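Note that the chains take the letters A, B and C in the order they are written out, and that residue 1 is the start of every chain.
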Amino acid sequence: MIVLFTDFGADDIYVAQIKATLLRHLPQGTDIVDLFHSVSNFHIRAGAHLLAALHDQFPAGSVFLTVVDPDVGTDRDAVILHADGKWYVGPDNGLLSVVAARAVETQTWRIIWRPKMLSASFHGRDLFAPVAAWIADGALPADKLEQIGALQVRLEPGDLSEVIHVDHYGNALTGMRARHVPRSAVIAVRDHRLPYARVFAEAPASGAFWYENSVGLVELAANRASAVRLLGIEVGDPVRTIV
Amino acid sequence: MIVLFTDFGADDIYVAQIKATLLRHLPQGTDIVDLFHSVSNFHIRAGAHLLAALHDQFPAGSVFLTVVDPDVGTDRDAVILHADGKWYVGPDNGLLSVVAARAVETQTWRIIWRPKMLSASFHGRDLFAPVAAWIADGALPADKLEQIGALQVRLEPGDLSEVIHVDHYGNALTGMRARHVPRSAVIAVRDHRLPYARVFAEAPASGAFWYENSVGLVELAANRASAVRLLGIEVGDPVRTIV
Amino acid sequence: MIVLFTDFGADDIYVAQIKATLLRHLPQGTDIVDLFHSVSNFHIRAGAHLLAALHDQFPAGSVFLTVVDPDVGTDRDAVILHADGKWYVGPDNGLLSVVAARAVETQTWRIIWRPKMLSASFHGRDLFAPVAAWIADGALPADKLEQIGALQVRLEPGDLSEVIHVDHYGNALTGMRARHVPRSAVIAVRDHRLPYARVFAEAPASGAFWYENSVGLVELAANRASAVRLLGIEVGDPVRTIV
């Protein structure tokens, strides 16, 4: 299974070009799943923490093609990460570093291969997609890689006290793992203080609250309303835990 | 064929998690089709009538995974509906009740099985997706179900004189089946009165009109313009037929 | 491979209906790729030039199902185009004419077949989808076609000095092929004059610039900002090359 995680937008002209490249290289019948294409534009840190929360839903052997790559066309490296049985292909700009730091076992390779036609602005299509397809086909091409000890760009991998994604309901996902936050804690964001609720149906009739969402993160929400509009927040906004 | 009908958004982090679960359980080569992921947030009635208009396009044997589920995490039931040769899996909150009421033959089961890991907020992934996959695989698991006489929550299944969907062109679909509305009728919405036109190209040069759309519903439209902006309407707005 | 290129919206109720029709007719395992579903509503010229820039990414034998069809339901023709080894099915309204004019070898057929059930507003589902599926299945149905010398509606096929697509980053793609524009040229749009940069990372720290994008077009962009917001432009806006 190839899993796509990018900031290319689900309704734009980029994802299909990646899929065309993948389909040229993949064994027939390989599934391609669009995990998410709207990582906040160029927001590597938010993407890194979101990916670290989402990859659990995918089986061992999955190959993640991950592209949030504002420095495409510069000399940032292209890498393959193998972490606890799953594969990740993308830029070495921090995007994969939270997954790597939280994994028990990792291996890392710099991709030294370059395709004959390499667009300066679309390595997702020209470089990462063929490599992801080779891996999905079971063929890690040793002559095109250089094994390295670790990723070069490494973000702080602990809980991130920031909003990392605003979903289409208007809920705000943070980079804090809920198992590290006591249910009695209040989450502060801007001038607001949010109590805990177990499920939406147990939330206060009005006002926002926090809960443990379905991928284990602290999420700020409101019952049948947009927490984001209510609180006036966006991706990157800091949050605080008040125990 | 598995057909997804939800309010999870096409460009958000939820649909891929459902697909990952489906792919773990499905026989290889089963098609998964995204029917629609932007049912008006939490708008069960609109979703119920939209689904009733759209399912005709899909062949017998299709398994619809339907999730518009604002009360997820409460004790609302999870159900399987078999209606005129197609399968539906979702919450018993009215979403499937229009399809059921309009079908000639139905069977209904309450899902008593619960997975070991059941998120309080994402039964679409943890509960409905595995059940839909089992059905698509031809295995209705009797020990996990309890056959019941009918759905518990049943909405009025007749024509719904409301806007149920606003499409990206700015056309407004109503819940009224056009075969019940004479062509001489005028449709009234807010302060506007809309005449009939057969096709866009025969519509008045300016102003809105109604026509029978490609799934048999009365649709409010404007020629190369957004009817919704022109009329100032939204999902849930009432419409009236003036014969 | 079937490639979908429409203005139906990626998150609306239309694309899935086309896919259901395709799946009924296609040999199992045929890939269906969503190339783009947000061609500017009814903007045939922009769509024609965008398609001409994008089809290169897809292999010989691909079947493009292309629908930007504001005059559906009138007597405009439905056509099949075979151009340099790829197939295109859609309305004869100009949408396919730039691809055709730039191809070395073309063949064109008018589709005289009509399905028993033909919605007046959705030929994409009822007419074009079955025909595209037949072609993908290797069966060009001669009795349903009439070979013609050329498309009836033919747009000017040269470089188009207009914005043809605004992507979700806020970059503006023009219909000008960058290989025809010297790097020393300045691109003028509204009151702005944009210099060339090779990659985003070499662009001026503030202000917009132009570059050759990954499909060979002149694209107006800004470094980590929305060029479209900066410049106040939209699809259809004219641009000028100042050498």
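To be clear about the criterion, a contact is a pair of C-beta atoms (placed from the backbone, for glycine too) under 8 Å apart; a residue touches a chain by one contact, two chains touch by 3 or more.
Since the structure is predicted, the reported quantities are computational estimates derived from the model, not experimental observations.
Visitor: So that we know how the chains sit together, what is the shape of their touch graph: line, ring, star, complete or other?
Guide: It is complete, because no pair of chains fails to touch.
Visitor: For subunit A superposed on subunit C via Cα atoms, how large is the rotation, as a multiple of 5°?
Guide: 120
Visitor: Measuring centre to centre with CA averages, how many angstrom lie between subunit A and subunit B?
Guide: About 30 Å, centre to centre.
Visitor: For subunit A, which residues are shared contacts with two or more other chains?
Guide: As it turns out, subunit A has residues touching two or more other chains at 9-11, 29, 38.
Visitor: Of all residues in subunit B, which touch subunit A in the complex?
Guide: 8-17, 19-21, 23-24, 28-29, 38, 41-42, 70-74, 119-122, 125-126
Visitor: Could you please specify the touching residues of subunit A with respect to subunit B in the complex?
Guide: Going through subunit A, the ones touching subunit B are 1, 3, 9-11, 29, 31, 33-38, 50, 54, 57-59, 165, 167-169, 198-202, 211, 213-215, 224.
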